[in-house]
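Consider the two complexes below, in which subunit A is the common component and subunit B and subunit C are the respective partners.
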Partner chain A sequence: MGRALRHALAIAGKDLRMELRTRTSLLSAAVFAALVLMVFNFARDPTAVATVDLAPSILWVTVTFASVVAMNRAFTVERENGAFDGLLLAPVSRESLYLGKYLANLAFVLIVEAITLPLFVLFFNLDLGGALPGLLLTLLLATIGFVAVGTVFSAMVAKTRFAELMLPILLLPFMVPPLIFAVKTTVPLFAGRPLSDVLPGLRFLALYDVAFVTLSVLLFSAVVDE
Partner chain B sequence: MPPADAPLVAARGLARRYGPVHALRGVDLDLHPGDVLLLLGPNGAGKSTLLRSLAGLLRPQAGSVMVAGRRLSGDDPDARRPIGLLSHQSLLYDELTLLENLVLAGRLYDLPDPRARAETVLARQALLERKDDRPRQLSRGMQQRAAIARALMHDPTLLLLDEPFTGLDAVAGDRLRALLGELRTAERAMVIVTHHASEAWDLATRVGVLVGGRWGYLGPRPADLAAFHLTYQEVARG
Partner chain C sequence: MTPDAARARSLMTRGVVLTVLALIGQAAVMLLAIQFTPVEARQGMAQKIFYVHVPAAVIALWVAVPLTAFAGLLYLWLHDPRLDRFAAASAEVSTVLCGIVLATGPIWGKPIWGTWWTWDGRLTLTLFLFFLLLGYHTLRAAIRDPGDRARFSAVLGVMGLVLVPFIHLSVYLWRGLHPQPVVLKPSAPSLPPEMLRTLLSGFAVAFLLYLGFVTLRYGIQLARDAREAAHAG
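Here is the complex of A and B:
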């Protein structure tokens, strides 16, 4: 295993171990997702709009905000006891450091989504059936991209006084393009259309991932080096 | 490969501003192996800024820092390998045990057996029995020793200490002085930032006084601390 990857996995493993010990961000994000789904469930009028038409938007709104809640903690844990200085001081490339934090964030958000999806099916009484593989692929592609951007922004805002408030303000505009395409992909999938019908949307999400993962790796050093 | 008599640390023209405030104004510094620099100065003189610049944690707006012949920059992670830092904070994660914290540091420094090294440095700090405790479960003195253990995990040749005696009682302070005495070797250089020269006077080989981001004094440690106090007060007044 390469040295850079070894460092990244050590950092990601540290974040996962700390999170599994405290469950602070996973628990708060999962509870948040459940509450949002519950509010949407009771606030909608099922006779006015068909569930299948409304469900994609509700799913993505829930995933978006729950993900922001999960990512908020990524760098706030590094503020304790100046621990981030220890990472910056180590002979670890900034790319490895980014990759480690990114992998941990990606794992957190995917876990939150894995909790959210069954709740979503339960609340809205949906039969995903054949839409499930396409939906999982869409979730994965959208998550890869916005977590990449979220990791950079959570590093940027960690030293500010209102980090929890700043992260969504900075991140949400960058999440709009993948969200638009994620919703556009999810709508036909829920309507029972085949995966081949949503390939353009999936291609856009893949393109967004390549562009923003690359940009985030390049920008991270400038963000963390004072 | 740097020449044998090359300085371990060569800082040239370091300058750093925070808005209108000049924290460092063209500071030069050479440190050779075996040097122990006692870094003094009034509040806001630029001591911590200089220390963080020497650690590579702060990018100076002008000037450069070479450590063991390599320029410190974000692009060369191995240039930071010789550096150990003991800061105001412990650099330890509260959610990890002492052992886990040190093993993580060992992995990041590519040590061949991080666990064995962690147990060795914890034993040296008389913390081996507390290895499964978390930092917040320790007393202030123990936390300081744990921070020292972390700083020494990779056996650094440049040890930077930012007010290491702060918050320690007399016994813990004496213990830290004794440890720093042991760490003062011909291969290692140290910089000790403090507000009280007497805390580390006997350890020092050189003394530097920063005033307004410039050297007010930089030279060998004078023999007489009491006489130096007068010099310090003159220099600090500008």
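Here is the complex of A and C:
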């Protein structure tokens, strides 16, 4: 177990180091998120709809699309110079390989979300106040689940034509159930409702995480082994 | 002609025969529904679409889609190309059936509910499945290598199978407008015998249509694979 985890961390470390040195994908995903927020600002009528009513949808639509953009890079970078074959030949189990890629993706999407959240608060003049811890927990739980699925899919689409378009087509249906529950959690959070209104959504998100992280670990070897 | 090509040809013939029979049966069911089944008291003629809509929905959701996912699951275990061909064929027919459900539903919904579409649990679930199936076909179309194609689509199928209960959970939190089951429910069917007879013929025809389409589609895929193998070899 310790060995498997060490291998996974090594692979995740490699991905993050590479990303931090080039910064291209991270920057473009963050800029993309900021642009989506800006589009939202101009796509609404501020006199007709109160920001707080619209805020949960703005946040989750932005997070959804920015995450898909961020996850695209996981395996497309490995296509260059046959890097992925090297990774497959390395003496690490498929589970460690998946876990490494997953952790890197998770860190990556969380960084993009960490950039998006303050911009969201800033652009829409929100006072999160007591909602912040709950919101962070919701973001984390939702992200853990859909990034697990996204990592498997991005390994698949890296071998197809139009990989960049294929990922959202496959992944968005899988992102909608966690999204529904994240919104169901965010709305009472922003309205300052008691914790009992928030818990069912969080519980569902945790259930989704357990189911899809397990399934993804099990199915990953079927994707990479011919 | 290779043995596979010959087999493909005979399968396609069989598929065409079954499909033609099913289409004739479909015409007969429509005739039966319109001419020989009493008009429902509250919904009037609009209710007639029930005899097409419900069989298509039941065959799609309880036969075609689950079989696609299970064929994928078995493929990951056995690596038999026949399972992949079947999964692909069944997925295509599922898409057609879901399309029929999604097209006939609003035609009924407009006069009865007063709206073409509503985000009711069942409607949303069917729409989700339809999109998952479209994604499945897009994925298959984008991969050249037959091994990759089979494995990836099987993985997607299994993931989809696990996703369905979650969609169910998330969309059923909204109270539905959709009518509750009248036949497949724990107590006895609450449908007059004439209507039940028409509905059951509808089920039989929809199932026959599924068999016909799948056989035909399987035969086509077999012929394609045989041709690819002949070119490669």
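In the analysis below, the second predicted complex is superposed on the first by the 225 of 226 C-alpha atoms of A that agree within 3 Å, B and C clash if a C-alpha of one lies under 4 Å from a C-alpha of the other, contacts with A are read in each partner's own complex, and residues count from 1 in each chain.
Here is the rule we use: contacts are C-beta pairs under 8 Å (C-beta built on N, C-alpha and C of every residue); 3 or more make two chains touch, one makes a residue touch a chain.
The model shown is predicted, which means the values in this text are computed figures rather than measured ones.
Applying the stated contact rule after C-alpha superposition, one finds that A:Asp85 touches subunit B and leaves subunit C untouched.
Look at A:Arg94: by the touch rule set out above, it reaches subunit B but stays clear of subunit C.
When the shared chain is aligned, subunit B comes close enough to touch A:Thr22, but subunit C does not.
With both structures placed on the common chain, the touch criterion links A:Asp45 to neither subunit B nor subunit C.
Contacts of A:His7 after superposition on the shared chain: subunit B is touched, whereas subunit C is not.
By the touch criterion defined above, A:Phe212 lies against subunit C but remains apart from subunit B after alignment on the C-alpha atoms of chain A. Under the contact criterion defined above, the residues of subunit A that touch both subunit B in one complex and subunit C in the other are 226.
The part of subunit B that touches subunit A in the complex is made up of residues 52, 55-59, 74-75, 77-81, 83, 85, 87-96, 100, 104-105, 107-110, 135, 150.
Touching subunit A in their complex are the following residues of subunit C: 76, 128, 131-132, 134-135, 138-139, 142-143, 145, 147-148, 151-152, 154-156, 158-159, 162-163, 166-167, 169-171, 173. Residues 3, 6-7, 10-11, 14, 17-18, 21-22, 77, 80-83, 85-94, 221, 225-226 of subunit A are the ones touching subunit B in the complex.
Taken together, the subunit A residues at the contact with subunit C in this complex read 149, 152-153, 156-157, 159-162, 166, 169-170, 172-174, 176-177, 180-181, 184, 204, 208, 211-212, 215, 219, 222-223, 226.
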